Amino acid sequence: MPPLTGVEVAKHNRSDDCWVIVHGRAYDVTEFLPEHPGGTKIILKYAGKDATEEFDPIHPPDTLEKYLPKSKHLGPVDMSTVVQEKAEESPEEKERMKRIQEMPLLEQCYNLLDFEAVARRVMKKTAWGYYSSAADDEITLRENHSAFHRIWFRPRILVDVEKVDFSTTMLGTPCSIPFYVTATALGKLGHVEGEVVLTRSAHKHNVIQMIPTLASCAFDEIVDAAGPGQVQWLQLYVNKDRAITKRIVQHAEKRGCKGLFITVDAPQLGRREKDMRTKFTEQGSNVQSGQATDTSQGAARAISSFIDPSLSWADIPWFKSITKMPIVLKGVQRVEDVVKAVEAGVQGVVLSNHGGRQLEFARSAIEVLAETMPVLRELGLEDKIEIYIDGGIRRATDILKALCLGARAVGIGRPFLYAMSAYGQDGVDRAMQLLKDEMEMGMRLIGARTVSELNASMVDARSLFNHGSPPADSLTHAVYDPLVSPAQRLAVTGERPEKAKL
Amino acid sequence: MPPLTGVEVAKHNRSDDCWVIVHGRAYDVTEFLPEHPGGTKIILKYAGKDATEEFDPIHPPDTLEKYLPKSKHLGPVDMSTVVQEKAEESPEEKERMKRIQEMPLLEQCYNLLDFEAVARRVMKKTAWGYYSSAADDEITLRENHSAFHRIWFRPRILVDVEKVDFSTTMLGTPCSIPFYVTATALGKLGHVEGEVVLTRSAHKHNVIQMIPTLASCAFDEIVDAAGPGQVQWLQLYVNKDRAITKRIVQHAEKRGCKGLFITVDAPQLGRREKDMRTKFTEQGSNVQSGQATDTSQGAARAISSFIDPSLSWADIPWFKSITKMPIVLKGVQRVEDVVKAVEAGVQGVVLSNHGGRQLEFARSAIEVLAETMPVLRELGLEDKIEIYIDGGIRRATDILKALCLGARAVGIGRPFLYAMSAYGQDGVDRAMQLLKDEMEMGMRLIGARTVSELNASMVDARSLFNHGSPPADSLTHAVYDPLVSPAQRLAVTGERPEKAKL
Amino acid sequence: MPPLTGVEVAKHNRSDDCWVIVHGRAYDVTEFLPEHPGGTKIILKYAGKDATEEFDPIHPPDTLEKYLPKSKHLGPVDMSTVVQEKAEESPEEKERMKRIQEMPLLEQCYNLLDFEAVARRVMKKTAWGYYSSAADDEITLRENHSAFHRIWFRPRILVDVEKVDFSTTMLGTPCSIPFYVTATALGKLGHVEGEVVLTRSAHKHNVIQMIPTLASCAFDEIVDAAGPGQVQWLQLYVNKDRAITKRIVQHAEKRGCKGLFITVDAPQLGRREKDMRTKFTEQGSNVQSGQATDTSQGAARAISSFIDPSLSWADIPWFKSITKMPIVLKGVQRVEDVVKAVEAGVQGVVLSNHGGRQLEFARSAIEVLAETMPVLRELGLEDKIEIYIDGGIRRATDILKALCLGARAVGIGRPFLYAMSAYGQDGVDRAMQLLKDEMEMGMRLIGARTVSELNASMVDARSLFNHGSPPADSLTHAVYDPLVSPAQRLAVTGERPEKAKL
Amino acid sequence: MPPLTGVEVAKHNRSDDCWVIVHGRAYDVTEFLPEHPGGTKIILKYAGKDATEEFDPIHPPDTLEKYLPKSKHLGPVDMSTVVQEKAEESPEEKERMKRIQEMPLLEQCYNLLDFEAVARRVMKKTAWGYYSSAADDEITLRENHSAFHRIWFRPRILVDVEKVDFSTTMLGTPCSIPFYVTATALGKLGHVEGEVVLTRSAHKHNVIQMIPTLASCAFDEIVDAAGPGQVQWLQLYVNKDRAITKRIVQHAEKRGCKGLFITVDAPQLGRREKDMRTKFTEQGSNVQSGQATDTSQGAARAISSFIDPSLSWADIPWFKSITKMPIVLKGVQRVEDVVKAVEAGVQGVVLSNHGGRQLEFARSAIEVLAETMPVLRELGLEDKIEIYIDGGIRRATDILKALCLGARAVGIGRPFLYAMSAYGQDGVDRAMQLLKDEMEMGMRLIGARTVSELNASMVDARSLFNHGSPPADSLTHAVYDPLVSPAQRLAVTGERPEKAKL
């Protein structure tokens, strides 16, 4: 059969007859339309056309193979016959290109926040919107980092710190530094190669990578990218169809994954309004459209359909029955549930509020950690489980505080995405090296030679539970119309010197 | 008798002979002038003229029928003979019209604060001034919302939350979600139809509406606008003349109202300086005018004369004698008075500081709630009375916090006014739907399947009583002249690079 | 003897032969020069010239009569022969004149802060500098007001507040409202008539005025300006020469003063850097001048020489021996000294940090009050002494908080100066009326019918002692050079989009 | 041998054959290149050229004599034959020169912060970067000063303070005021004469100077600059080669130093990102350069190689064996280590976090002091050791707070550097005089006649441990993309009125 032509495909451009081209092949998605997790509208935008560019960052390459029945695979298209819509470069995009040309040199990034500053300037607005957004007013997002600022050090002096060693083990795996690359979705939004970039840097620096369920790369691609002896974990969103879940878990174990991190803080994916606002494109009038709040709502919502909100403690034994990987619950948020996790016999928990992307005003992981460890010690359970935290870590001092308070290690996500989005592989490598440099310095200055020497007497965390002044409330601040003093009267010239700003 | 002519009416344009036209009919208000709650000046501005446009948002349509003796009703006017003053559109009004044209689409409003942002841009300055203003420095206004930010969640994980049900009952009425539309005055300032817009949305979403004493619509209009089975409550400002009060209450009960909410925090209506400043129009010189502080002071003051400052606990038995509706005291502000309310045998209290519009530095309702419930539990009274709160609620997380701390439900007022003012009916509908969406998400993420599962262990409210950093003090900040470092000396060019700003 | 001529006077224009003209009369001040409290330099500027304009706001009119020996009084000058230097109006002064023309109408001032806003615009820079400045970084100045914001109300509802009465008595004198006009220096800097303006308003509103030692008007002028039955107090800076002090005190008693307020917080007058910076005029080079820190330092320093730093508890019996007026210590700053004051047998104390003008980081009076009353009650001393506070009071809610916490009344100073400086007599009258209006409202809303019903259960002052976030540190903020993210590189055009600000 | 010519020297301009000229003499530094603490790159920039200007502020003049073998000293150069590169004055430098011309007069500096404001404007960017920078986000830098703002005074009144005496003794030496000039590196960055300027002012004001190991001036120069009877201390960075350390210590003792302050908080010198960013000069592309994080990193890193990270408590006896000077540990940061210091038999400790330049989130010295003294008193050790603090002191009120809490005296560093950099000797003299003036005032106003009368009852430090709101987090703030309200739609004109800022 000869390849299809663009003209042929272009005829099928309606919701009741909808073809799209992806990577040079045509697919009939008519029946799939209503089931598309990202909504119908986004597909219809490409009905009869080439959707590859939009498709790529959101879907692993094997998605259509896996999820679309073979009968809907229509075969290759002669791409020379497909009209390539030359998207007129928008003024906004031109400015972005200029900013990319003027990017700072990589060596001018001296800390993890610098990568974020650069990424914000050079990323596409929608990609930045997906990575950087969080729940509601993004107060939790910022609390995650600022909570660390309520902890201060009590360093020891006159300790021989010529040699400091901050290596540790996690779930039995030795690592060079107490952090791991935590799972974050849609890596190709930031870099054309996606998550494998992180895989390579993790290998270079001997840190563990957690592979996300919602990666842009296929799972096997990410595993294949690993170097010899490199350890990876699997982050799991539990699918309603447990057979799919079982297949994913057992495949991961077969491919060598050394830990199963079950996400427990996302029975429903959070609304991230910045992401939604970023994605919004004006199309139509106000008439009858405002009531529908379930329209396409940014990248975050597009990927949420596979998650089972009925997941509960009762499911844990089943997980233990299908895998020998250590099981870690990711997203625990209060000490009562840590104790339950011990009782359920899992190997670890990640205290986390999902980077502030789920429940607004969920406490920071570092605060939950400070609540948890004294209780575990009182119950004699502190050695029965490994406690990880993630969220807001930007400096080695943050890692040190977590370890002093009893964490085994911390997960870091967005900072590596930003480094990757701005500078690719080199960026991630440098970000990890900067953390190592900071860590060596921090160990020396706090007076600890090994991670085992870090303890609770080295920090003053008494203010940690003080929530008097949470991070600024941007929207409320924006809408408050501040009181003004009496204005000058209209002068003869008709100018009013102090005019209230709208 | 033939209709009056504009020329005839125009002759009566003095304080000792004052006619006005409203809705095509003339009225002799000469004797009424000194009694007008809104002051004499505002009527005299329309002496001999058509006052309809000014009259409408401030008065229910049956006002003149009810309060002006029939003998003063002068009959219809031939409106074709009345000179219509073509108000030159001010530059300010032209800019507002432009802003209205450029309003965001309704679907771009993702939360309740977005409606406020839009309303601020598109409302008339005086209407915005009346709705948004509050007492003194408006610190209480903002404290009401920011108090919620001192409460953080302790969510439960691994709870099967596939189905979440946040319906509840209030005073025996089942509702779809634990909020009601609380009473707010002068709905026509924001929308030409007034409070009935809220009635329709309340019906659509199965929530209860509290009908305000000071509505722009007539009470019966609002009741008539209700759908089948829709429940409404009556908010009552108690009139000095108890016969009037009795008539109002018994009429409401007859018309089917299911709850009587007696306002107890407003023996005198608050001064709202922004409202006053907004309304100020320059008219005359400084001579001899500054001493009179009782001049027309914004919409708020205009409506305050009907309220009886002598209302006291001694009046409660009388209310119980005139109605079978459940009685709720609205505006309770400390636990001692909640206990008194139980003793007085009322069915509920609304903890409230009147949206920050009455006593500046009255604590937020959520803080009073956190003070109240432990005491009620200690006294075994927690089931003897229903506790509502209002003030500052903008997110479902705020509702969840209130319910965790023991409230039965919350009242929401201004946000619906803003949604109505900006987008009319569609706006209010969407605002309610957004709250429902947020509520469903919030229930899932906090790990509660029903409102009865929400409890105090799910929040950390220890910082709630910490008043270290109240919201910004705008006026004080505006008048403080910050210290400056030594300035550069006058350069040769005569330019002073750092000039203190006035 | 014929009047002197300007030419004759002008010859005496050197430090060893220095005449000046004041109010049309010439004086030989050669010998007085080194003793002038305000320094030599300021007099030499007028050597041989007319100094009246500079002299007037700083000195009571009887100063030269009192302090310069008669032999130095040279008699009248024919002013028509004196060259009037027509001061070229500076651009700054022209702008100020324009601002005065555009002043808001008095009725647009809705609260005490509004007067401050207007005064800041229309006062001479040096006068504003003297009134508004305070010690060091002016953190105490602002703490005085913001401390009130850490106190919140617990209002009672359903109290019959139809009639509220906030009159009280102070040192036995009945007053209409619990504040008095406290002593502030140099009233003529703000208004040409000086302190008598305050006298007249105090009379009109039936409040007590405290007469300052350092008034611009002569003491007797101020007493003479009082209306029938008007009560005044004397504020006293104790002179090293006790005979002078005795004369002042006994004269005041004879003239009818009803209270002696001895200032105890000013053994040395504070440095107020804004005042100094305001007064600075460039005159000369950097050479050899920087070391001398004792040069003319603003109005505050000019008046400080009469104060005795050796004043101590041992002096109190002597004061009791020379007057029958009740004695009040003004400037007490800790509970231990309140107890001492009771033991010393004085009738009252004013808790005060001198409006933040003396010791930076002295606590606010309201905080000292909250520390004091529980101790007095524990010792059974609460009725043995009257406790006043001053500093930072701007709203009736501030007065209510002070009374709830146990103060008999509060002193208010700067706000009346600002009202006077901006609008003269009318301004002060309106300021007092606004406070009365606010007070009536506040009494109603807090649920108190008389000042005796105000008590500690009506406030929550638990956060008052929390000094976590003091007011902004302007100078430190101004000099801190905030960290910046990596800058964009130099683009081809040579423009650097993000340039660090100096 | 005739002097070398510039042409001859210029031939040796490669890394494998590298000569430089310093102070008119040539040196062969080829072999030394890899050992240079400041890195190779900075020397190669001057290969074959005159490096004097770059060399001077960073190195004491005897550096080459001491550290470069005589065989590498090539002898004098005929400087008339050396091409002087006329550095084109950059626009930035031109602006700085203009700012210098417009500097405020010295007498316009009224406090220590004023010098910092002026220095920031007139110093070279790199010099300012070195002096003002601190660790990581510079939160500790600012905490050092703002911690003092959480302490408030409880002054005594009616104390005879005519005579106040704030002299004291430190390590047995009488001084005029309880501060000393603490050690700061690289004085010539700020002033061409370097540390001897501070020596002269210290003598004039009778305060002790601590001589830094890393001075720009040679140690002996600084000692030689001392006046008769002037007391100096030695600050010591301990070299890995203890023979060098011994030589330094014993030389200092021989030259008359009266105290040995061993720095114990700097086993590795901190990374100061502002310093690094300031020093960065674009040179080359992004390729392969970003990974190397150990390149030249500002002045701070250049001087760090001489410090021994293995220094420990075990070394203290050795120090006691080599000197009779009192030994003080500088940089102690928790009470446990103060107790250890007593046990180790040293004479004092300086509580310090190294001006915020080492471990970010190390607590302020004043907070550690407040933790320390009650413990020492409980253990009966308060008289066994002298406690000093440094960091953040800018006002005499800061000194008073430290003394009230139990410190013997405080060290002040940066403020004198800023005064010196802006105004030279006169600046430092005035800075010290201002502190004395403030101190006299402060003693009077707090009611203390001598330093021995200052005690803990005179302060309220309860909020000191409250870390709820640390200083602003500049980088995080800079990268956070605040939420925005819905934007207006594109108007017909194509203008978007509210555009999100990048």
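A, B, C and D are the chain letters, set down in written order, and residue numbers restart from 1 in every chain.
The definition used in the following text is that a residue touches a chain if its C-beta (ideal position, glycine included) is under 8 Å from a C-beta of that chain, and two chains touch if they have at least 3 such contacts.
Here is each chain with its UniProt name: A, B, C, D = L-lactate dehydrogenase (cytochrome).
Remember, predicted model here, so these are calculated numbers, not experimental data.
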Checklist entry - How would the subunit A/subunit B interface be labelled, same or different, where same requires over half of its residue numbers to be shared? => result different
Item to check | Selected from B-D, A-D or A-C, interface repeating C-D by over half of its contact pairs | outcome: A-D
Next on the checklist: Using only Cα atoms, superpose subunit A on subunit D and state the rotation angle in degrees, rounded to the nearest 5.
Outcome noted: 90
Item to check | Chain whose Cα centroid lies at the greatest distance from that of subunit D | outcome: B
Checklist outcome for this item: Whole-angstrom distance, CA centroid of subunit B to CA centroid of subunit C, is 41
Next on the checklist: On a C-alpha centroid basis, what's the spacing between subunit A and subunit C, in Å?
Outcome noted: 58
Item to check | Contacts with 2+ other chains: residues of subunit C | outcome: 99, 103, 105, 108-110, 113-114, 117, 121, 137, 273, 277, 282, 466, 468-469, 475, 478-479, 485-486, 489-490
Item to check | Interfacial residue positions of subunit A with respect to subunit D in the complex | outcome: 99, 103, 105-111, 113-114, 116-117, 120-121, 128, 132, 137-138, 142, 145-146, 149-162, 273-274, 277, 282, 394-395, 397, 401, 423, 426-427, 429-430, 433-434, 437-438, 440-442, 444-446, 457, 460, 462-463, 466, 468-469, 472, 474-475, 478-479
Item to check | Complex contact set, residues of subunit C against subunit D | outcome: 136-137, 139, 264-265, 267-268, 270-271, 273, 276-277, 280, 282, 284-286, 289-293, 295, 308-316, 329, 331-334, 336-337, 340, 358-363, 465-470, 473, 475-476, 478-486, 489-490, 502
Checklist outcome for this item: subunit B contacts subunit D in the complex at 98-99, 101-105, 108-110, 113-114, 117-118, 121, 468-469, 485-491, 497
